[in-house]
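In this document, chain identifiers A, B, C and D correspond to the written order of the chains, with residue numbering beginning at 1 in each.
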Amino acid sequence: MTLAHGRPYLAIPGPSVMPDRVLNAMHQPAPNIYEGALLDMVAGLAPDLKAVARTSGHVAIYIANGHGAWEAAANNTLRPGEKVLVLVTGRFGAGWGEVFTRQGVEVQAIDFGKRATVDPAQLEAALAADAAHEIKAVAVVHVDTATSVKNDIAAVRAVMDRLGHPALLMVDCIASLAVDRFEMDAWGVDVMVAASQKGLMTPPGLGFVFFNDKAAARQVESPSFYWDWGPRANPAMFYQYFGGTAPTHHLLGLRAALDMIAEEGGIEAVWARHEKLARAAWAAFEAWGQEGRLELNIADPALRAHAVTALRIGGDDGSRLRAWVEQKAGLTLGIGLGMAEPDDPAWHGFFRLGHMGHINAHMMMGALGVIEAGFVALGIPHGKGALAAAAAVIAEA
Amino acid sequence: MTLAHGRPYLAIPGPSVMPDRVLNAMHQPAPNIYEGALLDMVAGLAPDLKAVARTSGHVAIYIANGHGAWEAAANNTLRPGEKVLVLVTGRFGAGWGEVFTRQGVEVQAIDFGKRATVDPAQLEAALAADAAHEIKAVAVVHVDTATSVKNDIAAVRAVMDRLGHPALLMVDCIASLAVDRFEMDAWGVDVMVAASQKGLMTPPGLGFVFFNDKAAARQVESPSFYWDWGPRANPAMFYQYFGGTAPTHHLLGLRAALDMIAEEGGIEAVWARHEKLARAAWAAFEAWGQEGRLELNIADPALRAHAVTALRIGGDDGSRLRAWVEQKAGLTLGIGLGMAEPDDPAWHGFFRLGHMGHINAHMMMGALGVIEAGFVALGIPHGKGALAAAAAVIAEA
Amino acid sequence: MTLAHGRPYLAIPGPSVMPDRVLNAMHQPAPNIYEGALLDMVAGLAPDLKAVARTSGHVAIYIANGHGAWEAAANNTLRPGEKVLVLVTGRFGAGWGEVFTRQGVEVQAIDFGKRATVDPAQLEAALAADAAHEIKAVAVVHVDTATSVKNDIAAVRAVMDRLGHPALLMVDCIASLAVDRFEMDAWGVDVMVAASQKGLMTPPGLGFVFFNDKAAARQVESPSFYWDWGPRANPAMFYQYFGGTAPTHHLLGLRAALDMIAEEGGIEAVWARHEKLARAAWAAFEAWGQEGRLELNIADPALRAHAVTALRIGGDDGSRLRAWVEQKAGLTLGIGLGMAEPDDPAWHGFFRLGHMGHINAHMMMGALGVIEAGFVALGIPHGKGALAAAAAVIAEA
Amino acid sequence: MTLAHGRPYLAIPGPSVMPDRVLNAMHQPAPNIYEGALLDMVAGLAPDLKAVARTSGHVAIYIANGHGAWEAAANNTLRPGEKVLVLVTGRFGAGWGEVFTRQGVEVQAIDFGKRATVDPAQLEAALAADAAHEIKAVAVVHVDTATSVKNDIAAVRAVMDRLGHPALLMVDCIASLAVDRFEMDAWGVDVMVAASQKGLMTPPGLGFVFFNDKAAARQVESPSFYWDWGPRANPAMFYQYFGGTAPTHHLLGLRAALDMIAEEGGIEAVWARHEKLARAAWAAFEAWGQEGRLELNIADPALRAHAVTALRIGGDDGSRLRAWVEQKAGLTLGIGLGMAEPDDPAWHGFFRLGHMGHINAHMMMGALGVIEAGFVALGIPHGKGALAAAAAVIAEA
């Protein structure tokens, strides 16, 4: 039998759960894109996006996914032949590097593995070795959804400042914006990349590049028409916001999502909610891990993302668990992306729980509850008291 | 802080959670009510409704809520001055009696209290005393959402048969249809009343009266135009289905809901899901009840509804818990309807968990999880291991 | 080929076109019906409904269609055996009479045919003959959607006043509320019946009974539980508003519709729009009628409804036209209800154009435009200049 | 007063009217992007898109608007320093040229003005002068929404073939796909660019590049990651379809739109509908133009698009008319894009009527009807009989 017939819960690390209010806002006739209400509404998006990103800089909105936003950031800042230092802490760091390469940019990568954050010492060594300042940018992912590691961006900036290195600091916050604390200006981030479908609770289809005046000043002479962040961030005519036709329905959805963030109490409240929910999940996973093979991919809580938790469980228990909770209980977990290749048997020993965006205590406790049921049903050894431990964290709210 | 910002879960005992698919089906332009697709669609509703009710009899659909369906059942079957025997096991039994009274029907009530089912012995005594067969109908609620008691309808019929009493057996399945096993024909039920907003997963606004040939034969000469079940169940013209304008959008929603029931595997699969989920809830409540004051209103599991569970917790803990889980965790529990008056301090010592309709294991485990969090947060004493116990029941799926 | 693939326009005389905003408002999770936002919202409906009805009296909201509202009005005001004078100007007048009859009320009907309004002289004669004041109520339809006649309600009241007859004046505004000017208090109407699916732009499923203090004072001792307007109009507890479970989603839709009326500029603006659009339609129909057989059912413009226009065209031209515009052009016209029986060949010589509720100049000109195309395509003789004549009326806006 | 309160009709040349069915299909929870139903659905899109484009080639879907699709086409086919011959027949031809330029491609443009199609003789002269075959591609817009001109693509190919010129033929069908007849393979088109928000009836946010094997063979070594059409058209892994996260909700909408095209009878039926509706519009505009200053921008019907009609009316009559029909009648017309600058008084002498996608006879006749009303209201001279003339065209259906 199955107990899945009810509202399914998609707990993959993005797209996240779309709020009914966002979907409702998108269920509208097409608006006029030359005059009227849409134009006024769009003018109000940038200030609210910048408040979420904690910056007084600029924001360009792209009709694109996160990969498009990566390319936009690369296209505006680096000329073919210039060098970027990419700090890799999982699949998405490597992915950004590939985008740079395709733009003709020389990529110098440091790989910190799949279970660790950036090591400041290695970073410092690499930058110190660059006496000629050939490295024009340092690119790092704030939260890597594959590993669920969270990098300390302020620490990266501190290394750069200590060395007086002039490179731009470029950060991928696709998985972390409006989830994990991120302070663009205070942390000295020059360029930041995000997308709509995670913390911003809007269907996939919008990418964002935030940039400060330093980055604007460094812009290459002639980026591509589509990626050029200049007119998008500071349009003279409305169509320039989007380099052509506006993504009307996504904008309606994004407006609703930003309103929801404001009504919750602003970005600090959103961060606090995600932190507490993540801690509840960790409490459960740590308790289960007391017996059997379950293990959080990132051991140190200080280095864990609040957006997603990657788990190692070994054998084929990851795939079996995912199948059970989806078919029996209405919960869809994420695959263990980037930990092994899909045709490698080890692939089946991983899974991830997404907990970003429109998520509350009920959804989290439900996810944990059916994971425990799955462990029991499948005979997967696990420690006791996990759900009570999670509930105790929720109780602190 | 609050952890409620996510998809809220309304776990009151009706209206239940409306499936996205039902809401989507209702988001349509108004259809033609004189010709076309709507007419064909409506013709297919009755067979599917009767399959859900396990009857080969008739069904009349009313634009009304459950109270309207009560009135429809009364209006068709009993003349002013005739007598009905009402078996009261909670607020809704009493409510139906009031509707009969307003129709001029004489009501003889037996009250079995708020924590027990119909006692066959008392019923037998009452019927045996009616040698003249002045009692024309016996009315009983299958599941009373106030007390969460479930009556044994087959047992009621057995008493009537044993005595050869010719009264109609009329059953209120508003809370139980498509939730708890109900066999209209096999159990000898003559008239059954239901509504859209619980197991049928459609917004409030439709009432149903199912009736067999015996009840049809007994129909009073001229029931009211609106309540007359004859043309509704066997219309010569389309508008007679609904005694006037069809409830177009509700019908679209109902069609989707009936499709969902069929796709789940039919009514047996739906019953099995509800039973398992109810048992998971009971396992948690029983474990919590090992310490402190929490108590299931209905002690005997065999007498408990699968649609809702009524709890007694005392003091103001019921109201405090309801407030906490709603404001902090995104879960709305039901008030303790009918257990005390709202201005009585005892009012605050009750709550209910609805678990009917579009509910899966994730939703149930989430509800239980945040209830435990609420107990912890509010310092309400409770037994340990409740969530694990619930998960173990889910694991049987 | 067909040119129908686009947004279809349903121009039947109800249900009318549902605004996207209303459908959107209904596309929501089920709300709590015991506490919270829904309760506050519902409290605000009555004042706005009364503003639309131009009354300071009371309003009871029913989960029902218009036939249910008819029955509610009858059930509260007239005892079995009492007499009502029903003024019949089409199918719906006769229909209301049938509802009274089924309640045991004695119906005295005056039939004014299908092409005329109430004749004050005949009314005066009937009332004058009732020296004993056995007639307890006079019931009349404001606008009959079958004939598209509009009765002069103030004139009916004037006759009653002139004779000092104490009967209640009961008016059916199902098709006219929020369409044609209606002044409940100023015109001396005691009871008024309406429904959601026409001028109120909300799916079928809500009926309304407005009543003044005189009618309230005359209420029968114990109307049925479901129809009793007392608790609905003046509830002590929330559930009494709806005699049980609230029609949650319809209420959300109705709220949006009432907001739209207010934002348009209030009921006077809504009336003015409907009048102008109706006059545009008449201009076209009159021009077409200069050749061929097309004829407006109601000759005198002062007696025509602003909600719907009934046409006579003879032969099978009505049915042919309806089929052509629906299949070829995306317009659904109304059948000629009540003019002939469906199995009478004459049935096919009628059609109706609904123009109530959410309708603007574009929709009206489109309807008229494709009707002309249909005339041309089908070789139906018709006068020239009709569309230009209609456009000239629209130009007065 | 205003007669605009009803369903507004947005008749700008894109975004077009979104069908309720498309919006409904998009009103869904986020689907899993790693497994399940979405993956199967996406695999079925390409065949249906190619059927609409009449090609057996390849299609790459981009999260982008039409400008993004332009850039994708340029990025895959032309190296910096290579030459493209751009045939300009309005704003959009020029716009595509700008995108090429920004990619470092040398643009040779021939401007045919704003009221004419490509002149084969000029094209032939330009190609003949390119004996060295430095021109690697010829780029032309099929339908320019600014001028409403439609170019004869087969004629362009004929010139190229006659000269044996090896350049790629690249066509922008953003405004014409699923509107005007377009035969990619039969007409020898190598690369074709389109977008979702016009004939494909899906909100802005998807761009498409169709290409044949010849174009694939010519692909530059390493186009940008995001624009690379290779993996998108022939993905080894699902995420490659979209170069990262799939645009989940747009895909659901596109699926519904493609289903609607199939159900209408396929692309031939869609083309026939658009042609007839365009001819109805032209009949009206030509009749109005018999008096006063109104003039179709493209004189020769054979050169007019079926997607949009650009009008010249002079003075400020364009802006006055647009304002009147929007505020009074619920119709939004397009501005006269590209005919003059917005700060030039001449700007106000133009307007456009979009008639692409989800449009039927009712919508078209309504648009024409209220335009006539606007002429009357504003005292703008115009010929008589326009609406009757349009209706006569519709009658041919």
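Keep in mind that, in the parts below, contacts are C-beta pairs under 8 Å (C-beta built on N, C-alpha and C of every residue); 3 or more make two chains touch, one makes a residue touch a chain.
Please read these numbers as outputs of a predicted model, since none were measured by experiment.
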Could you see whether A-C or A-D has the larger number of C-beta contact pairs?
A-D
Report the chain whose mean Cα position is at the greatest distance from that of chain C.
A
Starting from the mean Cα coordinates of chain A and chain B, work out the distance between those two points in Å.
44
Using CA atom averages as chain centres, what separation in Å is found between chain A and chain C?
55
Provide the C-alpha centroid distance between chain A and chain D, rounded to the nearest whole angstrom.
35
Interface hub residues of chain B, defined as touching at least two other chains
7-8, 17, 20, 24, 27-29
Name, in rising order, each residue of chain C that touches chain B in their complex.
7-8, 10, 12, 14-18, 23-24, 26-35, 63-68, 70-71, 75, 98-99, 102-103, 195, 197, 203-205, 222-226, 228, 242-250, 332, 334-335, 337
In the complex of these two chains, what residues of chain C are touching chain A?
20, 24, 27-29
In their complex, what parts of chain C are in touch with chain D?
1-9, 17, 19-20, 27, 260, 264, 269-270, 272-273, 276-277, 325, 328-331, 358-370, 372-374, 376-377, 384-385, 387-388, 390-392, 394-397
